[in-house]
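Here come two complexes built around chain A, the first alongside chain B, the second alongside chain C.
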Partner chain A sequence: MDNSRREFIKTSAMASVATVAAGGSSAVAEKLKEAPADSSVQWTKSVCRFCGTGCGVMIGHNGNQIVALRGDPGHPTTKGLVCAKSLFLPKIVHSKDRLKVPMLRKDGKFVPISWDDAMELMADKFAKAIKKHGPDSVAYYGSGQAMSEESYLCNRLFKGGIGTNNVEGNPRLCMASAVGGYVSTFGKDEPMGCYDDIWAANTIFLVGSNTAECHPVIFDQILAAKQAKRSLNIMVLDPRKSPVVSAARVHLNPIPGYDLAVLHSMAHCIIRDGRHDEEFIGKNCQFKIVKDGKPINVGLDGYIKFLEDFTPERAEMVSGVPAEKIEEAAKLFTYGPTMSIWTMGLNQRTRGVWANNLMHNLHLITGNIGKPGATPFSMTGQPNACGGVRDTGSLCHILPYGRLVKKEDHRKQMEKLWGSKPGIIKSKPGLHTVAMFRALGEDKIKAMVMLTTNPGQSMPNLHPVRDAIGKPRKDKPFIVVLDSYPTRTTEIADLVLPAAMWSEKTGVFGMSERRYQIHPQVKKAPGMARSDFDIMLEFAGRLEDKGAVKKGYIKGKFKTTDDVWDEMRLASRDTPYDFMGITRERLYKERGLRWPCPTEDHPGTARRFVKGDDPTLDSGKYADHTLAKGDVKFYAAPNQRAVVWLRPALGPAEPTDKEYPFVLSTGRVLEHWHTGTMTMKAEELRRAYPHCFIEMNPKDAREMNVRSGDMIKITSRRGEARIRARVVDMPRPGMVFVPWHWEDKDSLINFVCTDAFDPGSKQPEFKICAVKLEKI
Partner chain B sequence: MAIVGAFARVDTDTTALCRAELEQLAGVSTFDINDADKVGVLIEADSLNEAHDTITKTIRSTPGVLGVWPVYVNTEDEQEKQD
Partner chain C sequence: MNAPMCDDVIQAVPSQEQGLTRRQAIAAGGGIIAGCVMGLGYKAGGRSGDGQLALRPPGALVGDGFLSACIRCGQCVQACPYDTLRLFDLTAGIQAGTPTFTAATNPCWLCQGYDSLKCIDACPTNALSAIDNPVDVRIGLAVINESSCLAYNRTMCRACWHACPYPNQAIVYDDMLRPVVNAEACTGCGLCEHGCPMETKAITIKPLTIVKTSSARRST
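This part shows the complex of A and B:
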């Protein structure tokens, strides 16, 4: 790089910082334009492909090379901020180990084959399985990282074309309990609030969320809001002293799995002190408890009686959280507007749906909902779990845009739109993720395709999962994996198809605040790699040719993701998701739009269920012209009232005992993401954490004579791992924490984790299992 | 040569002191971004590895720094080497 070029880059870097630091204000953004022009680099608006924050980015590309990346200062919510992971995307995309040719396992070894042979083999295996064993002998396992159009197409193919509801995806592992919480309380999935609420809140309650490392741009907004308004209260509920605690006024650190008592106790204190909002409750809430498998109305009085068991003193006995801290948190919660933000600490639990319900309870009884700064907000962990999987209905029990497979009218609506054979969509949900891999291990599923995900590392209780996918056996199921990189799943697959990556294909991501954003193709995929969309489109066509799917069902209907997007908009029409107004043209021109957005002149919706903001209350079946601007109406809930649920405060599936005395919890670090398939490609990120580690509390370490760097064997009832100790005052005594990014056998902590799952959401309890530790 | 543009969010009670501390670090220069709780930081290092270390190990542990947010990374040199 010559000197003039270096000076130019320095100027660009400084201008970018100034622009982002100013929150993308137009005055400072002009500075960037004043920088000398660089004709060699073209900048294209896009969106980051890591977590669910949905940061706007600008990709700098020159020919087929991505040469730089910067935050997009024009982005309305992330305002140019990105984290380290995003900035290394150029290196990650250009990684030398990208998969470039289709590979077939033959005699235990992979050999390259042509695309034509690969696609023919894949279609043949699926068509034969369907013919011989029926539609439910095949399955699809997708991802919150696939584009929305890809997930929608695959869902359409499997449910409405093949006739199986065996459609799942990795959001089952991270989001399902949040879905269950929103649906059971409000009648429809997805948060009603948005990131703007951070700036309007007086209290922010972070629950089971290491926002500082897992959603760092959101955490910066929280810090900035705190700097701007020193009175902002930040509270944290988490058994681990994660970096967010440094900003908190109150830290509630329960024994892992016993936080439901704390949330009930906060509600108890709020009502005992008369800090609840009776008017809001009277207009908008109902109270229910499940008895003998049926929900029964109990009214506010019944709720108050139920809460009598949750005095702070009793909650302290159950949870280990001091009573006075519960009292303080309850008070601060009512210093609204209050925004709660939570992630996997609540969701990855066998009581995940209930924990979500209890968060909603606090907001409902205090009326902290539907106003700026007042909202219960579940952050998502993947870039497109919301838009791509939850919204498109790409899980085994749902259909696009809030529809359910169990509802006949919903099935008929989709069959009509899709042009399916009438009655082909089954009313019974397919296999959820844990059940799907168990069925695979029992050879009940004969052919399965997985895309943009790595279950050979990411599933809990990994030994049987890896056996199910890869263990050689007579009549072994045929496993097809589409990925951009070699992973712990491709290594045990039968057919590996090289997939295009972010920036090599065009599609939509929908992030945590219901914002749909487009990420365009700016370069070609390496070698023979193709987009998952192209691959699945050709697969569908070949299934039609073989008679496994109705002729003309998909073939000839779609050429590009643009075509699919138009059908998706139609599928959303007249539902509470309505995004008919989010055209492709608008997506390219604007920085994403939040649904509902029913017309092309609609600006998108900041807050759902609020008159004057949510267009669903202005027209259609949920319209209500008696409401005043700002009134809340939970139109999708039974009797149009949100449900305050009286849930038992049960503990985890696998409590500690004499043999397994420690609680293991898993999570992430700032520099890495999920199974490390991408972030480990950047040397800088890899070096930040070259090895996996197990965090131990100093008290436990002293008792075991363990020092940082010592090797620890972690054993559960399912498996073991060997990981270096990091003695640090972060997990509470009796708890250990291990991030799950490393793929070497010793560090694969998911061999140890339990696959016990929430009976409602079917989401596994990654956050809690019992282990024993041994210094080796 | 690697160039990274970042901003450090700092405690407003210690902005001046914090900026002076950052200026002492090798390869680090600061610039004003007209915001009391932020300091612009330009990092020039021999490699991205080194730049990343400067952010994660040095700047982050400087007293008064609440967090560091890289905003711009140029990878041209790295790719030239690879090519």
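This part shows the complex of A and C:
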């Protein structure tokens, strides 16, 4: 009793000190941190804020303070492991840099304004633009880090309320090609396998993925699996000798952009040696080539003929990978079950969809799909790119849960569920990301909202993008940015709204293996910050009041994200995504569930397209009772057969030449994440990487007389950056590698990157562009 | 291995000085303060009088040889482009005026971005002897404390490997991708200690005189 009273007086005294000290000096904050040393720390189950691995974490919180974070040992896939980024999340959330008040740009300077004024202004600008220039004059740019409910709500508002398909998000920059690959080969998006496959696989093929740094917890599992089973083969296809190579038996290092020939050549070797699975091919595959813009069936014979050109020797000439290594990789690939894991190395390419197709080809011809340990698996880089953006259809050409804007029945289904004006959803896809920012630069878009993302740093070829967002001009488009921190985007926005972040709002994240997990609110947002959901809900209501959206379309329908979740479940019903059984209660109780999960007693699906596993094959329009348990059926593909595509092995959009002799690839490091707005807030992590670096091969460095630490000017046709060299035998000769986490403008590598994009997926080629280097 | 480094002891002195009130300071008088400080310094110097516990600039002679060769001119400190080096002050006894650095706050960057090691160039005596290639620098040896290192405790972290100027040589991975120091190649620059995200550093640079007698293998 006495104790608690004393404690109370102590705490309140310190709280008043904190209020007096404007902003709270660090000394006071230190004292406050020390003060509540009682045992009232609560632990709440949640999920990590960073990459697409979806690690289960436990948040230790006391009142409004997150005091600690640890891995959740009960989590079925990550088993209590986390990485250094995750560990520092409490510091990142409590960073003093958080945005706390809405701010409006006036005469080039930001001034604080009230929430009411801010929301009124935002709604007014959008409503006026819609009235004067039509619905396509407004746009939404979202994120694979927003909660699923937020993305769904914004998608609902823009496509079914305002009537524009200008709905995009940063997943266009990170996994659109994977979507294109899955959809063109299997008919529906999202991987069919899961993380459990790591433990059952006999060969793991890592392609364009530095799993050791970008999905460290997954790579730890791969290593643990290798320790448990010494026969596990790890193969790597990557032009850079990233840390994963130290565990690999075979490392194929092609000249960046010429790996398609290597993948074709592996297929050539497999079929030449008769190691393909003819029974599986006969039952489940079809072979197609695109001629004059139309797909033509060619059959297995046509495929074999097509592959004749891709002998390992020829592939060596094109890609620089020794023929014997290709032979060995092809052999190991057939020592199944084989799991392939890939990320940006394949996706961020102008041939991204094709490269994805070729990965699926290898799995299809060897029958390495649907068995435990056998799957083509694309990992995501953001915590909610799968569940939040791909699944909810928050891109310009799709609608929720596998529906397309160009299909009339799909549009009608959504209009009915949403209660939209009939016919309001347009059949023409909206502007994709690169086109959207180009249209913004041409003032075709008059008002735009961006949330939970930082395009002012993350877009390729930044100069025109930053001009489009921020260059002062007559009738400049009105840019609203919702973010938790000051970023390279907020600095050029017109209206900045402070947003709540992870652990300050409740929502669902869907990670790479189709697992939906909830992350609950455990503390209040700082200052006047509100959740993106709250802000967009009020925005929708004000648009309704101004007549830009049908009355009662969103206003009054939803109070919390729980209400949105219930509508999302309904939207997924009778689609292959069906997660009617993933209720809010189950999400709180269980550690995430993998869709499809049609009923409340369904345990979730480990492997799709497999009879006995996938409930879609048991009931509904795709049901097939003739199959035996364990049989595979690609029910969503045309003729219910997966497509083996015969894609030409074309190179990158910008090959090297005399003037620009080096290939630039951008990427990531373990301790930082994307544009660094979060991880750079933890001093410990920032200190681990004091500045940006450009990795150079020792051979190139010797020729240019460069040593580690020398300042290098790196120039492309679009821009330049000045970065310190790090001479290390990691990139192959002729290639340089730069991570993109630092926001200082001198070293911002995205000024240099090309915005050439894949014609299918519209994903830009971050991984390859031609540059010249100069020691300064 | 947790022997306090001499500069830790010395750093404590100024804060004690700040602790005196104005009246006390006046009462005590400058001479007395100086006497106290000298006394403390004698004690600190006595504990590490042979300089065995201090991190020295690249190329420093080992042990007492350095103390007799160094003429306390401070030119290496002035030449250091990264402001890494500082001089021991009066309180350090016999070491006063000799150069040292604290790896955790500012490590030796091995003159990255420069043609040569500037402190050695500046040294007028042979206290710092010539080294052609920074790879041959041997300031100390990085030692990992496996009980506090994240990577050894179910948390993925490779900050030290990334910070290391010679990754895959001086710091290598074991089969679980945990960092391991290769004593043959470690320069002891301290970039790993600086980069370590832990508040109490899980990788620290120990002077060679200590690790030589401990279990760490080392050829020099």
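Criterion: the second predicted complex is superposed on the first by the 737 of 776 C-alpha atoms of A that agree within 3 Å, B and C clash if a C-alpha of one lies under 4 Å from a C-alpha of the other, contacts with A are read in each partner's own complex, and residues count from 1 in each chain.
Note that in this section a contact is a pair of C-beta atoms (placed from the backbone, for glycine too) under 8 Å apart; a residue touches a chain by one contact, two chains touch by 3 or more.
Owing to the predicted nature of the structure, the values given are computational and were not obtained by experimental measurement.
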item	value
Partner chain in contact with A:Ala84 - chain B first, chain C second, else both or neither	both
Touched partner set for A:Glu213, first chain B, second chain C, both or neither	second
Partner chain in contact with A:Asp710 - chain B first, chain C second, else both or neither	second
First (chain B), second (chain C), both or neither touched by A:Val669	second
Partner chain in contact with A:Ile749 - chain B first, chain C second, else both or neither	neither
Chain B versus chain C as contact partner of A:His94, first or second or both or neither	first
Partner chain in contact with A:Gly71 - chain B first, chain C second, else both or neither	both
Which superposed partner A:Glu684 touches (first chain B, second chain C, both, neither)	both
First (chain B), second (chain C), both or neither touched by A:Met103	neither
Shared chain A surface residues [contacts with chain B and with chain C]	71, 80-84, 87-88, 212, 216, 219-220, 223-224, 227, 671, 684-685, 687-688
Complex interface listing, chain B residues touching chain A	1, 3-7, 9, 12, 31, 33-35, 37-38, 40-42, 44, 48-49, 51-53, 55-56, 66-67, 69-80, 82
Chain A residues touching chain B - in the complex, by the definition given at the top	1, 5-6, 9-10, 12-14, 16-18, 20-22, 65, 67-71, 80-84, 87-88, 90-91, 94, 96, 212, 216, 219-220, 223-224, 227, 671, 683-685, 687-688
Interface residues, chain C side, partner chain A - complex	109-114, 150, 154-159, 161-163, 165, 167-168, 173, 175-177, 194-199
Contact set on chain A toward chain C in their complex	71, 80-84, 86-88, 212-213, 216-217, 219-220, 223-224, 226-227, 243, 246-247, 669-671, 682, 684-685, 687-689, 707-711, 724, 728-729
